[in-house]
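I'd like to ask some things about the structure below.
To keep things simple, chains are lettered A, B and C as they appear, and every chain counts its residues starting from 1.
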Amino acid sequence: MAGVLMKDIRKSYGATEVIHGIDLEIHSGEFVVFVGPSGCGKSTLLRMIAGLETITSGEMYIGDQLVNDIPPSQRGIAMVFQSYALYPHMSVYDNMAFGMRIAKRPKAEIDKRVREAAEILRLTPYLDRLPKALSGGQRQRVAIGRAIVRDPKVFLFDEPLSNLDAALRVATRIEIAKLKESMPQSTMVYVTHDQVEAMTLANRIVVLSAGRIEQVGTPIELYERPANLFVAQFIGSPAMNVQRARIDKTGEKTTIVLGSRKADLPIPSPADLAGAEVHFGVRPEDLTIATNGNGLIDGRVNIVESLGEVTNVYLDVENAPEPIIVKLPGVQRFNRGEIISLSAEPGKMHLFNEQGRSLLYL
Amino acid sequence: MAVTQATAAPSAIGSGLVSALSTIAVTLVVMAAGLAASIVLAVLAYALIMAILPDSKLLGAVIVMFLGVAACFGYFWSANKLLDTFYPARGANIAANLTKANAIRPWLFLGPAIIVLGLYLVYPVFNSVVLSFHGPTGQEWVGTYNYRWLAQDPAFRESMRNNILWLIVVPAAATFFGLIAAALTDRIAWGNIAKSLIFMPMAISFVGASVIWKFIYDYRPEGAEQIGLLNAIVTAFGGAPQAWLTVPFWNNFFLMVVLIWIQTGFAMVILSAALRGIPEETIEAAVIDGASPFQIFYKIKVPQIWGTIAVVWTTITILVLKVFDIVLAMTNGQWGTQVLANYMFDWMFRGLDFGRASTIALVIMIMVVPIMIWNIREVRKDVR
Amino acid sequence: MSTGVGARPALTWAVHLSVLFLVAVWTTPTLGILVSSFRDKDQIVVSGWWTSFFPTEQNIVARAAPPEEAVEQDGQWVITGNVFEGGSGTVSAFGTSIQRPKEFEPGTTAETRDGQTITVQKNGDYVITYPEQPEGRRGERLFVTTLEPPKFTLANYNTVLFSEGIGQSFINTLTVTIPATVIPILIAAYAAYALSWMRFPGRALLLATVVGLLVVPLQMALIPLLRLYNGVGIGKSFIGIWLAHTGFGLPLAIYLLRNYIAGLPREIIESARVDGATDFDIFRKIILPLSFPALASFAIFQFLWVWNDLLVATVFLGNNEEQLVLTGRLRELLGSRGGNWEILSTSAFVAIVVPIIVFFALQRYLVRGLLAGSVKGG
């Protein structure tokens, strides 16, 4: 099959550039998810792969073919849209057969492929129905079926689950994961703003922000070793706590001063950062209550959110503009105003320089 | 775009011009070929069918109708096919071909519309301006004679006065009755049937409506049995029957009634949709505030649909400016009922003076221009 | 609309009555024409159409048989016969002079100065007796008031359709209307698609032009086009009028269809593009079927407009028997047959019946089209 290669891809509308030079290689058979806040350009990038948006400059390859000027239908891609984009006046069968009919394939082949796809997606009983007679989940399966029938080199998904309710979203997500498993050679590119979808589906995640790639990596890499503050705060929920800190000692290990406390982190730092202001980050789920009263951060309990499986505690910390959030397992009880002391394992702490880049990637 | 940029060289401007010109040339060739092919085919088919089939007027008409429509479709099909043959979306030049085909195709789709609009609406505006400076046959230049004549022509003044009366009365009355009808019919179970019936005159031609109303206004001398409804009612109440259409000044209003009768349904339908579009919450809030049904209507509902009322008003205004059939059929402008459109028609067909008729047409056009400008501004606001 | 708690019944009644009144005012004129077209042509002129459902009083002047037919009977000369002369009817009163046509009840006997007696029965049988053998050639005049039962007839339709040329005009109107409805739809739909979903320079300008042309009065176009037509040689031809109606209907058609087509979901069109459909395919297989409501709306507009048009037909078609359309014929009849209401009403009804059927059958689409075309910035 084929991968996708982008070399310095840019997109402008008139004078405004919205994609500022993307270099990315998507390997054949990979499931890559583009994730980012709305307006970050992830959909535009996907539509450029599809050929629905022109490429202002740069080169886009699908397989070995330069596709900048190739029409969508000849790029060997299939796309699943957020709103399903089913043809409302055609039956499920005709929807799935449309592309092959346009390509004037033999009737027998069309029939065989449509029925196979319908079988995979359990749509066989609905083949004669019009889209309006289907539920949302079924419609999205038809849209996926339409993509399968095209037997594309690359599947493109544009937020396919956003129009579904929560329960269906989970079910369809699993469906897509299974689909990928059953087609290990197919390359899939998937756009979403939902980090759970990104974390569960992706081999690799591409985090985008304002038309630039922030980081590319496996879900665990992004979670454990975010390259910058943006990624650190975008991946994970609730978002990572970030506090100002100052570097005390540099070297193999870094010592930081956080308020009145000091901490040794197993993160190397260059000597020129000695005394520099940095951002110290720690995920809510990595914080624990220091029983010996010798924690890293002290905070005053403000709000307690009991979700049953976890308890989120919002703490006000002196000299910090934002509250610190702690995610504790199970049901925990605190009194408002109670002061608690928090600590974390040194390996779970993150440091970012003034520009927001992780010290790990300097 | 991408292609021209890739070949950016010193001669870019020159080659750009050449490619633009060649694109235009190909567009024209494809359009002409498509048009020619479909017309030739249609004419051939007509000749063939006529040669085979027996001579029958009805059949002939049916075939002409069919071929007319087929030729029109044939153009789109063949022009499109030709373009795809010129620039196939395959092979080595696929990118360049697609760029060119995509530049040309919109014009193939738009071609017939642009030609027809240009010929039937744009060209006449300019031609009318030219004709208004010419004599009866459109040959000799007469300068501003037609305008000077118009300025002191009593019939023109009468037409202007009547047109202004129409412009005030008809949109106001039709909108008013439409609003009342909309408000009332929305409150009752059989409202839709009532709406249908009030709306029905929309389907009737102005001439048909003229016959219908002329029958209502029919006049028999006093003492005879009145068969016109209006006179029958008047005599039933002890009044004297009137030849309504000849009563000076007021006969204008009897003509306006016809158009009001036709247009009220239009106003009702639009306003009823607007009324139903009013957020229910605002009405419920007013009910809780203790407003009476009348207060709700005038203080809550009507202010929320001012925009739609304005649209209905202007739409009817445009129609009124063009009103012609009713006057022609009912009084033909006699007894002081002349209006511009009919006056223009008079000079065109009876006076056989194209210069004067064009001048009158221009006056109608000028009266429409403010509405035209307003419309264009509204739409430009809408389309990003 | 819900009336809620405490709705006032009096107000509800007032609403019902007002609507009833409005509906009556708006339908009565048409009803008048419809009823009249089925009435006997003699009855139309003597009584209002609203009386036609009841028996009508009619004054007729019958002439009795001439005096030479009198036969001697019991010393008197007697003439017998029936005032209806073979027809039938009911006599409600009769008289012997024009001043007093209702002087006597049927069955009673009237005596004149010169000793005649006249008796007219309910069924119209009369007996006139003379004391001496009457002279003269002309029969006695009898003034009879009859109660005519309502009489409805299709005779007017027969006359109008086959000898007044309305039949031919009907076909002419049809010949003008159908292509003049279909051709602009086709042209406008392609243009609307291009204006909605294709990118090309000048798109916004073109759209603004179309909107501007929406209100250009037809009157502007008549003279220049007439001159042009005569120059090219398609004056007074069906092709000429089809194209004229196409031109005049096109701005509204493009405007309506563009509004609709531009509102179709972008993703569906993109999806078709990914599926390999060309613009032509997309138009035919996706846009046309999905735009059906808008196409239907405009089709009804244009159909009604063309069918009901008088001006364009008068200018671009001939006034001869072969080419006169219904509206033109109707206007001509208004001039030449101004008082013949049986012909006028029947012709009018023939002319309006097709649009009215179309109207009632497809009202939904018409309303939708009106809303799409008018509720702008509203």
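Observations on the model:
Please note the rule applied: a contact is a pair of C-beta atoms (placed from the backbone, for glycine too) under 8 Å apart; a residue touches a chain by one contact, two chains touch by 3 or more.
Because the structure is a prediction, the values reported are computed rather than measured.
Legend note: the chain whose CA centroid lies nearest the centroid of all displayed protein CA atoms is B. Two chains share more touching C-beta pairs than any other pair, namely B-C.
In whole angstrom, the spacing between the mean C-alpha positions of chain A and chain B is 54. The mean-CA centres of chain B and chain C are about 22 angstrom from one another, to the nearest whole unit.
Once the centre of each chain is set as its mean CA position, chain A and chain C turn out to be 68 Å apart. The residues of chain B that reach two or more other chains are 89, listed in rising order.
Shown for chain A are the residues in touch with two or more other chains, namely 71, 74. Chain C makes touch with chain B in their complex at residues 1, 3-4, 11-12, 15-16, 18-19, 22-23, 26-30, 32-33, 36, 44-50, 171, 174-175, 178-179, 182-183, 186-188, 190-191, 193-195, 198-200, 204, 206-225, 227-228, 238-239, 242-244, 246-248, 250-251, 254, 278-280, 283, 304, 307-311, 314-315, 326-327, 330-331, 334, 341, 344-345, 347-348, 351-352, 355-356, 358-360, 363, 366-367, 370-371, 374-378. Taken together, the chain A residues at the contact with chain C in this complex read 50-52, 71-74, 77-79, 81-89, 98-99, 102-103, 146, 150.
For chain A in complex with chain B, the touching residues are 54-55, 68-71, 74.
Within the complex, the chain B residues that touch chain A are 1-3, 89, 94-96, 98-99.
Of all the residues in chain B, the ones that touch chain C in their complex are 57-58, 61, 64-65, 68-69, 72-73, 76, 80, 84, 89, 102-103, 105-107, 109-110, 112-114, 116-117, 119-125, 127-128, 131, 138, 177, 180-181, 184-188, 190-191, 194, 196-208, 210-216, 218, 225-229, 232, 261, 264-266, 269-270, 273-274, 287, 293, 305, 307-308, 310-312, 315, 318, 321-322, 324-325, 328-329, 341, 344-345, 348-349, 354, 357-358, 360-362, 364-365, 368, 371-372, 375-376, 378-383.
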